[in-house]
Amino acid sequence: MSVLLTGVELLHANGHRALSNLELNIAKGERVALIGSSGAGKTSLLRLLATSHKPTAGQLTVLQTNPWSPGMSRLKALRTRIGLIHQAPPLPARQRVITAVLAGRLGQWSLWKSLISLAYPLDRQGAMQALAKLDLAEKLYQRCNQLSGGQLQRVGIARVLYQAPELILADEPVSAMDPVLASHTLNILARDAESRNATLIASLHSIDLALKHFPRVIGLRQGIVAFDKATPDITPEDLEALYVNEQLALDESPKTAFIPATSRC
Amino acid sequence: MLTTALPRDPAALPRLGISLLALLLLWPGFHLSELDIPGLFTGENARIMGSFLAGFWPLAYDSEFLSIVGKAILETLAIATAGMTLAWLVAFPAALLATRALSVSALHRQGRPSWPGQVIRTVVRIILVVLRSIPEIVWALLFVRAVGLGPTAGVLAIAITYGGMLGKVYAEIFESVPADSTRALLLGGSSRLQAFMYGLLPAASGEMISYTIYRWECAIRASVVMGFVGAGGLGQQVDLSLRMFAGGEVASLMLTFLILVMLADLISRLLREPQR
Amino acid sequence: MRIKGFFAFITMLAAIVSSFAYLETNFAELFSRTSLGQMAKFAKGFLSPDFSHAHLSTIGWASLETLAMSAMGTLVAALLGMVLALPAAGRLGSLFKAFARLVLNALRAVPELVWAALMVLAAGLGPNAGTLALALHTAGVLGRLFAEALENTPAAPSEAIRLAGGGRIAAFTYGTLPNVWPQLLAYTLYRWENNIRMATILGFVGAGGLGQMLQISLSLFQLAQAATIILAVLILVLLVDAFSAWIRQRWISL
């Protein structure tokens, strides 16, 4: 079992209830898409699984471990097995792409190796391979602020591919890419997860992409699971109910993608 | 999966070069500065310093000492104020001479002043540079030799250094003010001084006052420090107490100094804000 | 407005008059013929600076010593400032934060020259005392600036590394430092410029460099030698000013 949630509830510090009474069960090697309108709790759920947020109630088990049982070193060890892909990859603007990718394995490296690699990148081969999978090999020595939003997202993905975690969490990983590239990139991500028998959970705002690349889809609405089905079983009514009173986003174009702030890379 | 040959890191050589250069510079720097941090904490030094620091508490506050401190505070304030007054007397005419804003010859030469005017301006500017570039405490040291120990040396040192600074900044302020009204007055046949009084000064005075007050605050800090070369004020008292290893007195004086600087900062901010 | 201005003017005048009165400076005597003559005689001693080879090479070494003091002092200050800035930016909890801020304020509040006098007592005469004095005062200044820079930098990059299992130090060096180091470097260079000027005068209390030479030759009334040293101070200060103006112009144009 990769992820097991029973009765999980998440209240944000401002009192907003992001998730309530969540029951979820995802097996090792599964590939699951999270869909739902913005504010439905997709990001909250992913950050909860990434051990960034602590559930306010309920039981959470990730990779057979309870992240919030006492012991800082156990949490750290667990975190090296989880890879989180951010919608706007938080990469320092002046950092070089190779360093940004190598940062994926900091949890596995000794402190000395990390520090030396900062001045002289040690595993250039590994970074190169991860970037080559995403067709970014020629950007190896460029700075992050020289890349476009879509290229940055791919660097963020390359970092997690390099980390090679057992659980890949992706928060709108292709939102800044055009539809063809987005589909291609999701395919790479799915193939990587499949080849290593890793679990992949991705939130997407494009239903087309979710149905195309993922065997299982979970619909979230206002912090609760609206449906949780294998892809062939999903009906148009399911989707309509998910987005009722919202703008239906069947053909949502990725033009609404984020524009990364330059200072943040 | 490896599609491309692995390119070499283009930053490796520059980084190596910079590191070597840094080491190359660091080594003589280390030797010349005779830096010895562990020496502070070993042997005799640590013992002396320890007993000295232990003397910091209790603070000295007997009435005799406090009256000395009071006099020193007044003297410090007086040095700063008197020094600034003399500095202003140096700076104001110098700025009038140094600024291009009052050039009559520039009016009918497309803004390019004639060469005699240019020479005078350059000479005055060079003098101002020399006055302000030699640190005030060097001037104080010189004046202590010339006019003897005591606050007069401090006043003269502040007058000279701050005269140079104020002169430069005043001249810049004059030139940054819109020149139309001054030019109109000069073209209308008024004298330079008249054009200055009626055209330039009203526009420039706010900024000048603000900068002068800010400098006055700096002068207070400077006059504290100048006492170390014998130019009067609080610094001289700190120096004396240090030499006598009177920890409590040093601590009290430091505290006084902090309060004085904070007060000057407060007053200067209060005075400058309504100008904006 | 008028009345307020008038009142301010009167207050200022009163302050000036009472200042001169308190100091009992006798300007008539100061500018009397005998006194002026004495000063002229003193000044005349400076008119023939000593440009002998031996003296110039001593000045050259003292200038290098001054530069070394300022550079090493700034370097140590940057390291110490960084060590204090981390807790001062609240990275180790609020108790450490309050304590680190207190230390930084205390370091900064004491002027360099006072630190130098203290260090001469603690570590003996010579450039070591000056270097330590610059390091202590500048650590206070830089620590505060560094802490502000750290507080204003986005937390997301280092948080992302923590979430991937990276340690505190790894997250700091890979996530935070790349964003802030240009700013830290700019602050350090700016302080170095300031410290070169400071290092020329710390010698007045015996802390090495050009200042100590000047102090010695003035107390021996070797005015010709002193004049050369003052010239050297002037040239050093002007060079630093020109250099930093050039650097700043280049940085802004970048």
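Which chain is which? They are A, B and C, in the order written, and residues in each are numbered from 1.
In this text, contacts are C-beta pairs under 8 Å (C-beta built on N, C-alpha and C of every residue); 3 or more make two chains touch, one makes a residue touch a chain.
These are the chains along with the protein names UniProt gives them: A = Phosphonates import ATP-binding protein PhnC 1; B, C = ABC transporter permease.
Fair warning: this is a prediction, and the values are worked out from it, not measured in the lab.
Any chain bridging chain A and chain C (ABC transporter permease), meaning touching each of them, is among B; the list is complete. When each chain is reduced to the mean of its CA atoms, the one lying nearest the mean of all protein CA atoms is C. The chain with its CA mean position farthest from that of chain C (ABC transporter permease) is A.
More C-beta pairs touch across the B-C interface than across any other pair of chains.
Chain A and chain C (ABC transporter permease) have CA centres that are 50 Å apart. In whole angstrom, the spacing between the mean C-alpha positions of chain B (ABC transporter permease) and chain C (ABC transporter permease) is 11.
Our note on geometry: chain A versus chain B (ABC transporter permease), Cα centroid distance of 56 Å, whole angstroms.
Chain contact summary for the complex, chain C (ABC transporter permease) toward chain B (ABC transporter permease): residues 15-16, 18-20, 22-23, 25, 30, 35, 38-39, 42-43, 64-65, 67-69, 71-73, 75-76, 109-111, 113-114, 117-118, 121-124, 126-128, 130-132, 197, 200-201, 204-205, 208, 214-215, 218, 221, 230, 233-234, 237-238, 241. Within the complex formed with chain C (ABC transporter permease), the chain B (ABC transporter permease) residues making contact are 25-26, 28-37, 39-40, 45, 48-49, 52, 74-75, 77-79, 81-82, 85, 129-130, 133-135, 137-138, 141-142, 145-147, 151-152, 155, 221, 224-225, 228-229, 235, 238-239, 242, 245, 254, 258, 261. Interface residues of chain A, counted against chain C (ABC transporter permease) in their complex, comprise 50-52, 76-84, 86, 89-95, 99, 103-104, 106-109, 111, 114-115, 118, 163, 165, 263-264.
Note for the complex: chain A touches chain B (ABC transporter permease) at residues 96, 98, 119-121, 124-125, 128-129, 132-133, 137-138, 140-141.
In the complex of the two chains, the chain B (ABC transporter permease) residues touching chain A come out as 1-4, 6-7, 9-12, 15.
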